[in-house]
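Look at the two complexes coming up: subunit A is in both, with subunit B in one and subunit C in the other.
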Partner chain A sequence: MPVRIELLWSDLLVWLLVAGLVGLALYTRKRPHLSAPWIRVGASASGMAAATVLSFFVLVGLLDSVHYRSALPSPGGKPAWSTELRSLLDRVLDPLRAGREKTYSAPLATHLFAKETVVLPDGREERVFPRLRHGGAHLADPEAGRWPDVATKAFRGLALALLLWFAAAIGVAAMTARSLGTGIEAAWRGIWGGRTPLQWRAVLCALAAVLVIAGPVAALAPYYHVLGTDKVGQDVLYQALKSVRTGLIIGTLATLVTLPFALVLGVMAGYFRGWVDDLVQYLYTTLSSIPGVLLIAAAVLMMQVYVENHPELFPSTEIRADVRLLALCVILGITSWTGLCRLLRGEVLKLRELEYVQAAQAFGVSNWRIMMRHLTPNVMHIVMIALVMDFSGLVLAEAVLSYIGVGVDPSMISFGTMINGARLEMAREPMVWWSLAAAFVFMLALVLAANLFADAVRDAFDPRLAIAGGRA
Partner chain B sequence: MTAYIVRRLIYGLFVLVGVNVLTFALFFFVNSPDDMARAQLGAKRVTAEAVDKWKRERGYDKPLFLNEKMSGIERVTETVFFDKSLRLFAFQFGASDQGRNIGYDIRARMWPSLAVQVPAFVIGLAVYISFALLMAFFRATYVDFWGVVLCVLMMSVSTLFYIIGGQYVFGKLWSLVPISGYDGGFEAVKFLALPVLIGVIAGIGGSARWYRTIFLEEMGKDYVRTARAKGLSEPRVLFRHVLQNAMIPILTGVVVVIPLLFMGALITESFFGIPGLGSYTIDAISQQDFAIVRAMVFLGSVLYIIGLILTDISYTLVDPRVRFS
Partner chain C sequence: MTAPLLRVENLSTLVRGGAAPLRAVDGLSFEIAPGETFALVGESGCGKSMTALSIMRLLPDAGEIAGGRVELQGENLLALPESRMRDLRGHRMAMIFQEPGLSLNPVMTVGEQVAESVRRHTALRGAAADARVLELLEAVRMPDARRRAAEYPFQLSGGMKQRVMIAIALACDPALLIADEPTTALDVTVQAQVLDLLRELQQSRGMAMLLITHDLGVVAQVAQRVAVMYAGQIVETAPVPAFFAGPAHPYSRKLFASLPERAGRGRALAAIPGSVPRLDRDFAGCRFAERCDAALPQCAGTLPQWHEAGRDHVVRCHLYGSDERGVMSDERKPEPPTSPDSSLIAHHSSLLEVSGLKVWFPVRKGLLQRTVGQVRAVDGVSLSIAPGRTLGLVGESGCGKTTVGKGLLRLIEPTAGRVMVDGEDFLALRRRDLRLRRRDVQIIFQDPYASLNPRVRIGDALEEGLLALGVGVDARWRQSRIDELLAEVGLPPDVKSRYPHEFSGGQRQRIAIARALAVQPKLIVCDEPTSALDVSVQAQILNLLKRLQGERGLSYLFISHNMAVIEYMADDIAVMYLGRIVERGTVAEVMHGPRHPYTRALLAAVPVADPRHNPRGTIRLAGDLPSPLNPPSGCHFHPRCPAAMPQCREQYPGRNSWSPTQVAWCHLRD
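Now for the complex of A and B:
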């Protein structure tokens, strides 16, 4: 079936970011002084375990960032494209997306959560729990057959996952053996003794944890709603996976927006001092004096009014939601550059008094060049630390903002919209807990992994900690 | 000292002017009052008369900066900029877009906000500092390690889940406190217990870890070695010397938020149905009441600036080395 790839603005930025990171990685690889802190990150067990978990989230997010429209069968031969914009992730999760139920159903259920009146074949009406259209539909006798079926499928998934893990572990051992120039058995023992320069043991443990959970879920997902369905019958697992992209985009793009402001203004303020410093300080005091949530709310409200009054600029819901997501990133970025700017200014104030900067000034190197070549590279560790530290905060902020109604577009699936939709379900009797539980588990995994990774990066990049050799 | 404070106050005033210009630009340049009227009245089917009426009732029909029709001082005062922006400096918040008096609402709703925020702040500070001191005292042991693990775990959970979970466990499962609502007088205590508790718990992760870092940084300093060398016991070093010296970095972060306690907690208040300024703001946002949002932005900035000045003053109180000129 022919497809037409469509690049949303956020997709474009995501892939530019990926390209930039790959370029940066290649650049760093060749330069020992740049790669040294990353080698320290690699030696951190918690950091590497977190990175492994994060890479799965990133994989989901990237799959969700390739959008396309599929061709519709058209009689005239003129190609017509579906109005529905789908992503590669939707393609992978097609059984989950398509298997829509009527309303709530519990995880792994075969029947709806609420009773419904159905007309029996003999004309009588009865209140029963109707069978799900999709979840467990392959079972002839759901009462007796469900749990054995779930167990077999889960076991099969688990076995496959363990097989995969074993293959990965052997692959890693072979790779380590080659790079260290030892036998594969020695490498294997080295890995499990935690003696490899890169903490493969942590990576493999995290991989095992992810696979043990993902294997059975993947095996069950085509047949059941593993995490149940929500009010409109949509699969909760599908929503949780779709939320990952939104969270990742907000966490990364918003920090990228802060970067130019913080870097340029912070370095300039610290280097020039005088009125430039006064101006920059005034700017960030003014911005940070407005409570962040209120400034974001005001800006988002204004954007909403603008979007409502200019519908012609936003042809489809997806594009509108996408533009809104990017605008939210920009707004979050503009409201949060002040902290990093202050840090950079302070650091540059210290650096500019050092001999090498004074030598450069004595040689007549231009101010611009001093800032570019001598100061900026020496504050990059602060930038790096701030970037990774901000990520988790932004993911959490998205949920809160979406709850207040100034976050992402309501039509966009995100952790915030999931929680917002599910928060009244706790009051139901019996309780509908799975939407919240799914959002909780996915968010916790993402944010915890991001926090642990950020800690590892901070420990590796902060010169004070690196020299002391301890964690703070 | 007085001269310094006066200078800071004048600087604060300049910052407020900046905030005002920024919010004015945000609210009146991005969208015209016509756009806002249409958005409020429903974008599509709205007549020009309805838009004019909406604007007239709320005073948005005046020119933005200069009223040519008037004479004398009224050329400047009879404008949107004067009405909606400059009047804020005199704390004349005017009427909300729904027609209620904002100043009156703020004064009434301030107290429930404070009733949640002040206990949460005081108890929170005590809990965070004790926890951090505990971790610092047992540094590089299992207590410290698992304490940090607990902190990282707790700071990875969204506030929303603390509130939802707390309401479920304490309100629904154990029926200890009402799930939401508010009452005046002593009855308020039972409504406030849970929000305060959750406010404290939600902050433990980030704050305790931050204080721990501060304490550990202080403990690496020379005066601590001197204190140990002269034979002081470890608790005495920690509580007498380190705690006192760590007050400066702690104050930087803490004093500035004290005035902001007036603003209330957005999420907590809206979940628990407490009629404070936080839920006021959330309601205003969901009703797109721009007048209230403008007023709250201004109020927030004023309180923040007061907080900054208080921080400076508090430095002189805890650190005799600090002298302002």
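Now for the complex of A and C:
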């Protein structure tokens, strides 16, 4: 089937970011002083386990960042394209996305959550729990057959996952053996003794944990709604997976927006001092005194009005939602650079008095060059630490903002909209808990992984710890 | 000899971290008799501070005592529980540290901090405790003790803080005082005060003292017995007079030979090649063998035993084994003179001519940041340097000597004055023109660790000046120039692609020198270039600077607080006090016929590495450097001057020529 790839603005930025990171990694590889802290990250067990979990989220996010329109069967020679913008993730999760129910259903249910009045073949009306259209539809006798069926399918998924894990472990051992120049058996023992330079043991343990959960879920998903469905009958698992991209984009892009402000203004304030410093300080003092939520709400609403007044610029709902997401990233970024800026200013105030900066001044090296070459590289560890620390905070901020209605577009699936949609149903008896629980568990896993990774990065980049280190 | 007060036997201390643990202290044994001052001398990293901390059982977390015995009055300290140890610390043995500013709690008054120790170890409370605090502060000659007791550490000067530390240590009349580099952070005049105080207290109280220092001059003035440490071991123990009359171990001899004051001005200093070995490996033979120029074949393979070298004088060296005795007795061959080639020196005019240089820092206060006062860091300094000559600028810390150096390079903008470099006024140049002229004057800094950017490779750091000043257009030429420069400072060309952290302090200072040389300056401002280095490394750097001057006809403005280094390096000397030059002249004139009382006091305060030298009868300065924000009226020096006259209080003295070259600003004219 012919498809037309379409690049949303956020997709473009995501892939630019990926390209930038790959470029940076290649650049770092050749420079021992840059790669040394990353090697220390690789030696941290918790950091590597977190990175493994995080990489699954990133994979989901990246799959969800390739959008296309599929061709519609058209009578004429002129190709017509579907109005619906789909992503690779949608394609992978097609059974989940297409398997819509009428309304709420519990995880792994075969019947709807609420009773409905149905007309029986004999004309009588009765209030029953109707069968789901997709969940467990293959079962002849859902009452008796459901749990045995779930168990066999889950077990099959688990077996497959373990097989996969074993293959991955063998692959890792072979790779380690090649790079260390030892036998595969020695490499295997080295991995499990935690003696490899990279903590493969932690990676493999985390991989096992992820696969043990993902295997059965993947096996069950085509037949059941593993995490139930929401009010309009959409699969909650699908929603949770789609939310990952939103969270990641907010976390990374908003952080990147903060970076130029914080870096340029912070380094300038610290280096030039005098009126430049006063100006920057007044700027961030003022900015951090404005209630952030108010500023964000105002900016998002202004953006919304602009989008509505210029429909010709934003032809589809997806594009509109995407632009709003970007606007949210930018405004979140603009309101949250002050902390990092203050840190950098302080550090540069200290660094500019160091003698290598003065030696450069004695050579008549220009101010910009001194800032680029002597100051910025020496504050990068702070930037690195701040970036990974801010990421999780911004993911949480998105959820809060969407919950109060000034976050992403309501049509865009995010953790915030999931929680917002589910909050009223908490009062229902019996409770509809799965939407909220799913959002909670996914967010917890994402943010916890990001935080643990940030911790490892912080430890590796902190020069004071690096000096005292080695005895962790 | 009576029973020893402290006996250390086979003490070994490990420091974990890194791949293998460092054996910071390895099989150390010594004894201290009651009332004796025992000095432990060595270069940085030889384990002398670790020894002190091991005895006090105050090691950092990474440190661990691996074996041995430490007996204080017959009691094994290493076997005591921590609670008992706390009773001992401060009571029977006390310690004072190098940095008095870091050893006092900034939010407690000093009286309270002394009282804390009194209350911890004695039954004195209330008024009795207060009286005891006052008595202690008076014992350490704290001026105006009653008022000072109620002040906070930030209100005191460095010397006074160290007095408070000593008062705390003395609170319970300890039998043993451990002093870890007690005067290293202080100025010479204050150092002399504190050393006098320590010596007197020790004599009047019959207290034993373990003095840890790197300064042989301090040892000569204070100690009775001395042990030389090298790479975690004691290599020589001797009574002080015997040690200074004839050090036995080749390492001790080298230490003496690398002292600038012992060498003649024209001779190169004896530098010890290489650096202290890493302590994380096993040693088969003598630890000094690879740097020793008297090494015998067995030195590398067999551990030397203790040999007698005199009465009470033992040395761990194969040279003193039965048959080789006396090998070391012949003197070192005189090195060829390295004084600058006279053909390069043209005395016709001066290269640098500074007149009336002022660097004032405004003190701003209030909402509108109005200037309420001026810190006169440099207040009208005039000096001149001829091509190929060295001017030494001496003074205590805070006198403004570094500001002079930075001011004439315009790293700090001067407030007024003229700096003529080769006939052009540096201060009148606009920024763009200044950038081009910067290649004439370069600077070498004090701290070799801060003077190189850790993220920039050595080659790139050296290239920076060439690029910024547009010297040499193509990259090939620049690279070959960098190789030349590295060769000139004695480093192989492959260091270009390495990062600063791979180098030792001395090597970094060489790189910093190469960086300054890259643009072929005529004048180099050397801002305390060796004060962060050990004596043996200092000797290497001083030799290098001398050689470069001889080869290239460079001029140096050599800023230092170390009189011996200045005497060795400089042709002319200017002495600074509180932002102004108080005396100027040639080296011989100033060193041997000082005219200003401050110069005399400064020279008298320098500890001389010779125990026969009698420090008494010379001038001792009281008090500390006043604040340049509010300098004393009249002559700035009069509050501390032993020869002050009434007119000194009223007007600043005028210029007083003693010879065509020697000038002093003093009312005194005997």
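Here are some notes:
Following the convention adopted for this analysis, the second predicted complex is superposed on the first by the 469 of 472 C-alpha atoms of A that agree within 3 Å, B and C clash if a C-alpha of one lies under 4 Å from a C-alpha of the other, contacts with A are read in each partner's own complex, and residues count from 1 in each chain.
The rule we apply is simple: a residue touches a chain if its C-beta (ideal position, glycine included) is under 8 Å from a C-beta of that chain, and two chains touch if they have at least 3 such contacts.
Keep in mind it's a predicted model, so treat the numbers as computed, not measured.
Shared-chain residue A:404: touches subunit B; no touch with subunit C. Applying the stated contact rule after C-alpha superposition, one finds that A:122 touches neither subunit B nor subunit C. Of the two partner chains placed around the shared chain by superposition, subunit B is the only one that A:455 touches, whereas subunit C remains out of contact.
Annotation for subunit A, partner touching more residues between subunit B and subunit C: B. In the superposition on chain A, contact of A:426 is made with subunit B only, not with subunit C. Once the two complexes are overlaid on the shared chain, A:356 sits against subunit C while remaining clear of subunit B.
Contacts of A:392 after superposition: subunit B is touched, whereas subunit C is not reached. For the contact definition in use here, the residues of subunit A common to its subunit B contact set and its subunit C contact set are 468. The residues of subunit C lying in touch with subunit A in their complex are 16-19, 62, 406, 409, 411, 434-436, 438-439, 441-443, 445-447, 450-456, 461, 464-465, 468-469, 499, 501, 512, 515-516, 519. Across the complex, subunit B is touched by residues 282, 285-291, 293-295, 297-299, 301-306, 308-309, 311, 392, 396, 399-400, 403-406, 415, 419, 423, 426-427, 436, 440, 443-444, 447-448, 451-452, 455, 468, 472 of subunit A. Of all residues in subunit B, only 14-16, 18-19, 22-23, 26-27, 30-31, 35-36, 38-39, 43, 152-153, 155-161, 164, 167-168, 172, 213, 216-217, 220, 260, 263, 266-267, 270, 281-282, 285-286, 288, 290, 293-294, 296-297, 300-301, 304-305, 308 touch subunit A in the complex they form. On subunit A, the positions that touch subunit C within their shared complex are 32-33, 354-356, 358-366, 369, 373-374, 377-378, 468-471.
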